[in-house]
Amino acid sequence: MKFRFGSPVLDTAVRLLTPFILLFAAYVVAHGHYSPGGGFQGGVILAAALILVNLVHGRDVRWGLRPSTSLSIAAAGLALYVGIGFLAIAFGGTFLDYGALPLGLPPPQVRAVGTFGIEVGVGMAVMGVMVLLFDALMAWEQSR
Amino acid sequence: MSAHLPVLMVVLPLAGAVVVPVVGLASARAARALALLALVLAHLCAVGALRVVLANGTWRYRLGGWAPPWGIEYVVDALAGGMAVLVSFVALLTALHARYSHEGRNPLNVATSHALHLLLAAGLLGIVVTGDAFNLYVFLEISALSAYALLAGGGARAEVAAFRYLLIGTVAASFYLLGIGYLYAATGTLNLADLAARLPQAPDAGVVGTGLALIVIGLAVKIALFPLHGWLPDAYAYAPAPTSAFVSSVMGKVGAYVVLRFLFFVFPAGGQAGRALDLLGLAAAAAIVAGSVMALAQRDLRRMLAYSSVAQTGYIMLGFGLGNAAALTGALLHVVNHAVMKACLFLSAGNLLARTGAAGVDECRGVGARLPVTMGAFGVAAVSMIGLPPAGGFFSKWYLVQGALERGAWIYVAAIVAGSALTAVYMFRVLEAAYFRPAAPSAASPPAEAANGPLFGPGEAPAGMLVPMLILALAALGLGVFNQALVDGVVAPALAGVAS
Amino acid sequence: MEHAIHVLATLLLLVGLHGMLTRRHLMRKLMAMNLLQVAVIVFFIALAAKSGAQPPITAVGDAAPRAHDYVNPLPHALMLTAIVVGVATNGVALALLIRIHRRYGTLDEPDVILGMRE
Amino acid sequence: MDPRPLVAPLVPAAAALLALATGRWPNLRDAWSPLAAVASFGVLVSLLPEVLAGHEPSASVLALAPGFPLHLRADAFGLLFALLASGLWTVASVYNVAYMRAAREKHQTGYYACFALCVSAALGVALAANLVTFFVFYEVLTLATYPLVAHRRTPEAVASGRKYLAYTLGAGQLLLIAVVAAATLAPGAEFRPGGFLAGTASRPVLGLLCAMFLAGCGVKAALMPLHAWLPAAMVAPTPVSALLHAVAVVKAGTFGCVRVVGWVFGTDLMRDLGADVALASAAAATILLASLRALGEQNLKRRLAYSTVSQLSYVLLGAGLGSAAALAGAMFHMAAHGLMKITLFFCAGSIYLRTHRAEIPELAGIGRSMPVTMAAFTAGILGLAGVPGLAGFVSKWNLGLGSLEAGQGGFIAVLVLSGLLNAAYFFPIAYAGFFGGGGRVRFDEASPALWLPLAATAGAAVALGLVPGAGLHLHELAWQAARNVVAGGRP
């Protein structure tokens, strides 16, 4: 087996840790509407996983995340957020009034689902922006 | 959709700010078109909301359907509606001009800077319409952050200036936040209307007073009220023209709007708010004179305009400090007037720099014949700034003088008049150089960096740079001739129930 | 002891202000600014505190939760937002510092000012 | 609501815009001003019968401030000044084109536009029915004149422009405070014969206001010691000097003073405040001092400038005296001085164009080469000295009567002394012009477009002296306004 990440120790550590970090990030994002957690924190953890890979592995491969991709993910996250807001308007509520979404569930659960969508959007946006920040700082390092 | 205008005017530019950079990856032209579209829509929303509000009274919009004071509500009254129209109008016009500032040395690409422009507009509109003190902080920071980034786009010195502005602006915002914390501790609410209802019963006057002081200091820094103006001249002077036009014209005004909101709508009249207003009035009188004198001392045209902003902010705060109906009318009228004329002045100064490389007052010699339209607009706005009829600036000064006379505050009258006279000196210095002094001999050629600019050329600037400036110049005149329509239509309803 | 947290917040605020005023290095100024922001955050969190209360997570099945059993969650939520704002501010500030450093080769304020004059 | 008072100032303003728009075609551009001048003059003349019959056609549009519409009204005094300004502009617009083309001046487009704008503002000042309208036009006049003063773009011209602005804008700020204060004390601030401020505030406040008003208007009226800008402004082309002295600017200042005295404060309140004697004394001092200064000037235009300073104080003197005859004399003197002074400036301009001589000693013998011009010049100076049969005499006679009426007979001595001084500084020019200079001088008159206007104004000055009520009934207008003011004080 070829060590993709330079040294065996780092490689193993990263390979072991990354899935759990990602899982934990998903957990935090998913629990935002219900208990401590949410899109901001989850997004940062998500970004931390990507940045960890990047740190260990170096500059050459960014795990498929070019700056334009992270930008698009961030934009898509915010678009999800705004989109849900507008959906609520479209179904007769006020902006971000997720209770108005026609999901055929009792209102508290509709709210929960709506909030979840918001959290996912926020999570994507935060992740994208964090990775962008990291890339920008790395680009500076490279230019020195 | 018309039932959602208050939120749409904030969300549309915000959504635009997200989409524009992504679209910009594909096509800068499409990104720009999208940004303009978002601003046009935001402006239409603001106008629509204002019309509804003037017909039906205050409009409260529950964000997410949560009832206040728990949820965030957007409140559009005549004051907020008028401010929103002003902000979106200037945002649109400066964005129209913004195409050209990217053909030079600006490190931001077209899409990014348009996105920031939208974000700034969204932040400012959010400040205006939000009815929640903490939400206001968030919008304050959104607008400030995009302003830092935009202002840094003006090259070497702009970056250092923007960084300093960032440090000071963040401290100011922290002070504001701290003040909000005190108010929250005293009343247990963050909703502005709810605060207004609960503050008179707040148990601890000390806590409320400290909160008030912190908020006022924070905002005074944000609007660059003398002597807290130190960050402003560099930040405005070196930025790209549309940015300094946008930021200098409406950002300080929105800060002034927040001051008005807190001191006249949230805090009970008299008492601590009254004392704060007295202090603001004194600082404002000092700002008028000191700002004008410092503007007089400048050799650089845009620095001169920046210092003039310090003085003009003084006029607005002086009106607040006086606090009677006439003075407040004058202050609000001046908010509109100054926004329009300062945007016009910065745009024409930008055209001048791009076209001829003239940055200093002395370098303006003979440009009147070379750039007749640009300098004509500059002249109109300058006349308005001095406060000569029939331009708009005259009428705001009229109301301010009236307010000061009604209070018997002769020192304030003297400050207003002295500021006007000093403004005349530094503005006519430019006009005199532009129109009545011969063009400098070719030996004194423009600085190399400007001469290399893509827009450097012999004649008048391209039409796209002229149109926004001309609209603003005409608005500066129209605001004077038709000032009473504005006063009766918007300013008076905005101040209904406030003027003591 | 009850006011210890407020003393801490005040100290942080003063240290931050002092640092911003006296440090010559722009990076240090930025760090001082962060301290100041932290002071505000500490202040707000202190507002939320209640002795004897539990975290504001209602147990499943608690049909009628009473507010005074729980810590006030609102300041926490506010500060979460404030932290995000702070991160964004830092992002912009660092980006500016990078550009300044690229242009002048230093972040020492007097040197930067000297560089600006040239 | 009668649109004519509104149309009168709008026509020249439109001409200004048209001149700017058609700057590329000089013939078209230069045609607008005479056309507009005739049009606005016609409109004003059509108002004359109604005003003489005691009506006051007025037009009110556009609120400027709460309770302050843009209100224009043709009352007797306003119409007098408006007729003077637009009438002289018709003549001046012809002379203007001839002069500017002959002198090959640059930047003519802006020049004509500003000139027309000045007249527009002057008409607005004349017809303004309330203080706010008055002030707006007064400041527009200030602004529109500045480019004319600095027109030559020489360092000297620019410096004069600066001086002009410093004086007039400073005065404008004073006036602003006074106007706002008056408008606050008396809502509406409509000009009323006999004034509207009496009893609205304590005496010290009213006294201060009065001082601010008179200082504010006195700068444009070149009341000493506020006159320094006027001689400096002589660097401008001669038609501009004519405009400054005879048509618009200085006249607007004196007009403002009389308006303030008669229609804002009222003669009774002036007397009560003690401002009447103060104003009259300041005016008398200005008359004599300026005449003495004029004696010392060797440049023709500068001497004319000091003569203006002196002559305009006749008007202020009449306003200070405050009796019916004095006021009538003061108002009539505005017209009389306008006619005579514009003649003199046209003459000075023609002479300069033809011979490039501007210093008085160089003018010996000029009367034989340019007889028409010099004859008109002589008529003008005789009129200014107050020789009977010319317009200046009528006003001086009335002023003299008025000072007796007001019980201030001492001021007659000032009038007499000033007449002598006038003779002393003007007559030698005419004498040397016709009889001085050795040898034969070739006949070398200026072109008809230059001498016809000045002959016309000189003729009008003579006609006005022989039959004061002829033609435009200026004498009646002055008396009607004066009687109104005096009667307005005692209903």
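Per-chain numbering from 1; labels A, B, C and D assigned in written order.
FYI, a residue touches a chain if its C-beta (ideal position, glycine included) is under 8 Å from a C-beta of that chain, and two chains touch if they have at least 3 such contacts.
Not measured: the values here are computed from a predicted model.
Enquirer: Sort the other chains by how far their Cα centres are from that of subunit C and give me the top one.
Expert: D
Enquirer: More contacting C-beta pairs: A-B or B-D?
Expert: It is B-D, judged by the count of C-beta pairs in contact.
Enquirer: Taking each chain's centre as the mean of its C-alpha atoms, which one lies nearest the mean of all protein C-alpha atoms here?
Expert: Chain nearest the centroid of all protein C-alpha atoms: B.
Enquirer: On a C-alpha centroid basis, what's the spacing between subunit A and subunit D, in Å?
Expert: Each chain's C-alpha centroid was found; their separation is 79 Å.
Enquirer: Starting from the mean Cα coordinates of subunit B and subunit D, work out the distance between those two points in Å.
Expert: 43
Enquirer: If you average the CA atoms of subunit A and of subunit B, how far apart do the two points sit, in angstrom?
Expert: The computed centroid separation for subunit A versus subunit B comes out at 36 Å.
Enquirer: Between subunit C and subunit D, what is the separation of their C-alpha centroids in Å?
Expert: Chain centres of subunit C and subunit D, defined by C-alpha means, are spaced 69 Å apart.
Enquirer: So which stretches of subunit C touch two or more other chains?
Expert: 95
Enquirer: Out of subunit D, which residues touch more than one other chain, so two or more?
Expert: Where subunit D is concerned, no single residue meets two or more other chains.
Enquirer: Along subunit C, where are the residues that touch subunit B in the complex?
Expert: These residues of subunit C touch subunit B: 17, 20, 26, 29-30, 33, 36-37, 39-40, 43-44, 47, 74-75, 78, 81-82, 85, 88-89, 92-93, 95-97, 99-100, 103, 112-113, 116.
Enquirer: Subunit A touches which residues of subunit C in the complex?
Expert: Residues of subunit C touching subunit A: 55, 57, 80, 84, 91, 94-95, 98, 102.
Enquirer: Okay, in this complex, where on subunit B does subunit A touch?
Expert: Contact set of subunit B toward subunit A: 1, 4, 7-8, 11, 14-15, 18-19, 21-22, 25, 61-65.
Enquirer: Considering only the defined contacts, which subunit B positions touch subunit C in the complex?
Expert: The touching residues are 107, 134, 137-138, 141, 145, 148-149, 152, 156-157, 159-160, 162-163, 166-167, 170-171, 174, 177-178, 181, 184-185, 190.
Enquirer: Along subunit A, where are the residues that touch subunit C in the complex?
Expert: 35-36, 40, 126, 129, 133, 136-137, 140, 143
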